[in-house]
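Shared between the two complexes below is chain A, which pairs with chain B and chain C, respectively.
Our next item is the complex of A and B:
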């Protein structure tokens, strides 16, 4: 046997820098040749073009690849993707839960997947009945009488909510100027308020990681239109003073908006309307398991009180003795709606998936979802609390917050932990968020993970913490090593972004 | 160099050399602790020259590889000059937040505002209390 080839210590590296069957993939522009094409069309003879001076003389610069080359290119790239169907995806405040296959099967029924928003309502009565039933489930779970389903995602739901608030306050003749946002909020909250024309101010959190009620009371005046709060908040803690908060907000004449990003922790346990909240959005793609990101569009319905309901956006569906009708225009029934958020009626495919999820779980199943999500997060908390510092004591809700204070003396930072986790085979948690905790690591396992997976994750985290000693620290600071690319220079990427590829010169910083 | 005063939001302000009391010019920036916490800064947006800002107003935006943050002006006044070099090279805020990495200067509306800010010793002990 040839010793050189079987030796453990010596590897013959691939000339193309491939690893195993993991192919190093060039940019699509760097492959093929411009005279190649996926389709083979015959030359047109006997005809001349009439472009005259408009005729392009230079190269158009499109890549030229055959069909199999294209298929392989994108399939190879897709293998560099990480997905919820591959493993644990513990991004805090993102609720990356399993997307049940039943939902997918139902959403692909031709009666739902082959309809068009311009079809006459009489031909889509079933789809409209589904939307109405989804409304009933979501209003039952939130305790609000009205829900607007059309917003396309969480941030658009926020914008919808603030536009409703603005419409209502302007109608009262008291438009107001300011929106107060908890300092632990998602960045979308202040961005939404600003986009809606309000000045934003940040409400500080107290030492326990919840909203500082006294500070809020001091900030509330007759210029504050709304307060935006997430409950449970992004520290994974339930805002226990929510009733005092809503009282204070209402006394000042403002409205309380709730960001529903973390609804998964309390669904079936408490109705947000009972907490004094006036309006909130839900993320169907978080709490109700419709796919995130590349798997499908988001969906951010907005639930609200009867006081705000007249200002809800169009369209909405109504049920009468002769069937379901859709109200699409001002004047049909309402003069007070602020109008539409978007074209068409909302993310129909997501409505089907969400309703499938709701019906298949039932009320008791949904309550267990919240309980198991909280249990899983606390299981991780218990497994890690001797190895990682945690800024706030006590149990958490659906996500657990650690930081890097205990690792700092050894020279290890949150970013190193995240990169080292990749080498351990785990997608990192949310890092450096919420902003109020230095070196934050926010872990949300969701209810769909097993004890075995949670144990493996805890073991990987403990392994990293245990290696934060002087002889091992360099290895952790160099992580990841088992990935197609090593640690990327994020600073250089942000300061000198390469946003387009140019012919001849290749990537160009423009 | 004049002594700087500090805020709990980790901004500093110091009077420009030779500035008259009646027309005091303040220079503002972020502290070394702030740049350390932010990590590598990749973008900064400064206020327009000529605008008037109130103490505590969000007067600039800082983006680092970790997060986007607001810069709250430690004193009130009219912005008279901005540091264009940090717009071109935001890394200067990381390497020298106290001198080269200053943000903007302003004509103080009320120099007595400085009295409510922390001096260097008080700020140092405030930072120590955070860790």
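Our next item is the complex of A and C:
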């Protein structure tokens, strides 16, 4: 233990690594003792087992900790995280908006949280009514008659969409071979096309940051199954030629898939079905505020036209005179469905939260969501355009795209801006994405931020840009310093993978 | 609207700064026909009171499994979740953070993921685990796709004991790949009869993997060590699937049986029933297959000061770097459910988990011992953990429905999952956990007796 007397106070620090509210926390495997436990369970009778000859004889190796130790462990860990509850989280195309606590409360009603997926349908009529009600809202907002609710997240929604398209095309006798993906698209789009057995070709963007229609027309032929487009796209721009794109795609016999990651910009203002789109996924954990939980769970419902509806995945819920029923298997009437994507009915916990969000906002509130989200992004754009280079002129939708061209002469790059923002108390924007813009910084403030916060963020960004021309540049490149950890060695992590705790690796220098 | 902070005056100030008079100027790239065709027929906004009232009224139409004796399992299990779990996962720093892209301010999530990966690896007896998948079924399908990449072979053999919905998901997600799926015929448990030997005979040089479940869908526990050896000899991978992680505390680990990939559903620890989702898929494998593993993985490293820390690592496997050549399209996984799983497991610890497993097994034995006294009812399993199959003298579906009307959730009529198997009509899957009381068991037994008499 390194004892250290802090000058001109009488404070003594006996644990050099702890600083005020920040306390270093060891791995759970480095704490406790085997005999401790955080639960008290009823006595066991000790009767002989019926496990065949397969009873476990060895220890698993789990540590034992009491409840107070567990509470402290996870509370300390939590304090090493930034979160939307703490401040602005402007990750572009991630839509980190406020997560209402009402949604958490209603999702925990035992009538929703404590029902088993195999209960007799007669005992879960309320759950099925809720799912139908959510479908109605999403139908009204997208303009599509059919919503497949089972996909577990956005990427699974994409897979659902492409599987619907492929099943439809196979039924027409020609599954085709390729999927065209905009070069500004999320990586999930081409990865999904591969999982669906398609080859991917990339459609170039034009100088304005939107899809190059001429290039698309040249690429469309009778081998193309689908075009995957994000609208608004990941440059924060609305694909204004969407109707022309749709016409060209349909003329070639292909279908138009829309990645709905950026639906927040147009929710309550425009129905995607009116934009010539055939099928799209929505992210309930983006547009409809279900919490992202440090990496999920999400929910990725897929909305589609009536032509594609017969190919939607199992299961689905129908309303009859005697109540709601659930179809879990392919029967004679549903042979065209492409099948089941996951074990149960969908992310029910997310459905309850999303419906709570939808009812809370109503049609008027949702329209305001889109308008304020777009207003906030443009306000930031206005505040930054003299200080940061922006690859595309004009206004943006719900996210604004900058790059590091203007900072480069001073030797500063996008990563440094991101890390410097952390020291100013902000979560960075999405960086180095979309891939078509070098040094991209994609800023999505969302509608739930105040003007004051946006002003503070703009100030912080300007301060960083101004410092880039001064001698302070080394300090920026050194950022962050006010964090539980400074820049981490990602190369080392990948080169010498340590992916779990092992007894003998133990803690390194802390 | 309570979630939207701007006042009318602030909106005007901001618009003036941007240089617009009407907000629609910012939407001018959208085709006018589409903008004007939006007729807002949705109800207008509601306060907390109205929303709560409406959703509570829907929740009231459901019979919560906590309000009835429940013997439902079949891939989702009801356990007591300590209050600490839900309290901790509702800390905003966990609940409202994104995937940890900026490690300096995400060490909490990253350390928790690293601990979760270690727990899953220990529980399954494998070398490493990823940060989670959507659920057990998609983890299973991803394991099958991975086996195809690892072995560069095309034949996939699914055991008849694999959960029928997992079979469906594997078939669905592999239908446009080059893999061909061979399904073994599911059979009700019978003395001395199971399909392990038959599976061994099917393995050949084209076999990419054999997928088995432990305990299987009907509750049977089987040793796959020999199957593992056969797979190894033939160059195929053995994939062991589990639905109930608590069982792994009582049983020889899948790793010890020679599994190459172990996947399962983590719902029963920390997550709750939730009508089927969100759940959490567990995915563990051997180090040699690391580069073909799907999903996020946290790894240990150091910061500039040499302090231990964690980052998302081996990203070159993933969609955001590798795009169409990625090992999977998965992006968002099941982070918060994985955290709940991990906290529950941490609370239990070695001693608590082992004790919980014994309680579950004893509850199931007590239930079986009581039910087997009922005339005409037969317990089919010789072995089981906390779930077993019974044969009734009449169809299980209507009986379960009748008991549900009496607020008893009796079990899963197996034919609900196998609609084409008339021979399964009288079979019911019965689960018991630490929540099953003696009076629940008595009530179930008496009600079944009544219906059969």
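Criterion: the second predicted complex is superposed on the first by the 436 of 510 C-alpha atoms of A that agree within 3 Å, B and C clash if a C-alpha of one lies under 4 Å from a C-alpha of the other, contacts with A are read in each partner's own complex, and residues count from 1 in each chain.
By definition in this document, a contact is a pair of C-beta atoms (placed from the backbone, for glycine too) under 8 Å apart; a residue touches a chain by one contact, two chains touch by 3 or more.
Keep in mind it's a predicted model, so treat the numbers as computed, not measured.
Asker: Looking at the overlay, does A:338 come into contact with chain B only (first), chain C only (second), both, or neither?
Answerer: A:338: touches chain C, not chain B.
Asker: Touch test for A:84: chain B only (first), chain C only (second), both, or neither?
Answerer: Only chain C; A:84 stays clear of chain B.
Asker: According to the stated criteria, A:438 is in contact with first (chain B), second (chain C), both, or neither; which is it?
Answerer: First partner only.
Asker: Now for A:38: first (chain B), second (chain C), both, or neither, which partner does it touch?
Answerer: In the superposition, A:38 touches chain C alone.
Asker: Tell me the contact category for A:220 with respect to chain B and chain C: first, second, both or neither.
Answerer: After superposition on chain A, A:220 lies in contact with neither partner.
Asker: Quick check for you: in the superposed arrangement, does A:180 touch first (chain B), second (chain C), both or neither?
Answerer: A:180: touches no partner chain.
Asker: Have a look at where A:494 lands relative to chain B and chain C in the superposition and call it first, second, both or neither.
Answerer: In the superposition, A:494 contacts both chain B and chain C.
Asker: Return the residues of chain A at which the contacts from chain B and from chain C coincide.
Answerer: Comparing the two interfaces on chain A, one with chain B and one with chain C, the shared residues are 187, 433, 490, 494.
Asker: Which stretch or stretches of chain A touch chain B in the complex?
Answerer: Residue list for chain A touching chain B: 187, 405, 432-433, 435, 438, 490-491, 494-495.
Asker: Give the list of chain B residues in touch with chain A in this complex.
Answerer: Checking each residue of chain B against chain A gives 37, 40, 42-43, 63, 65-69, 90-91, 131.
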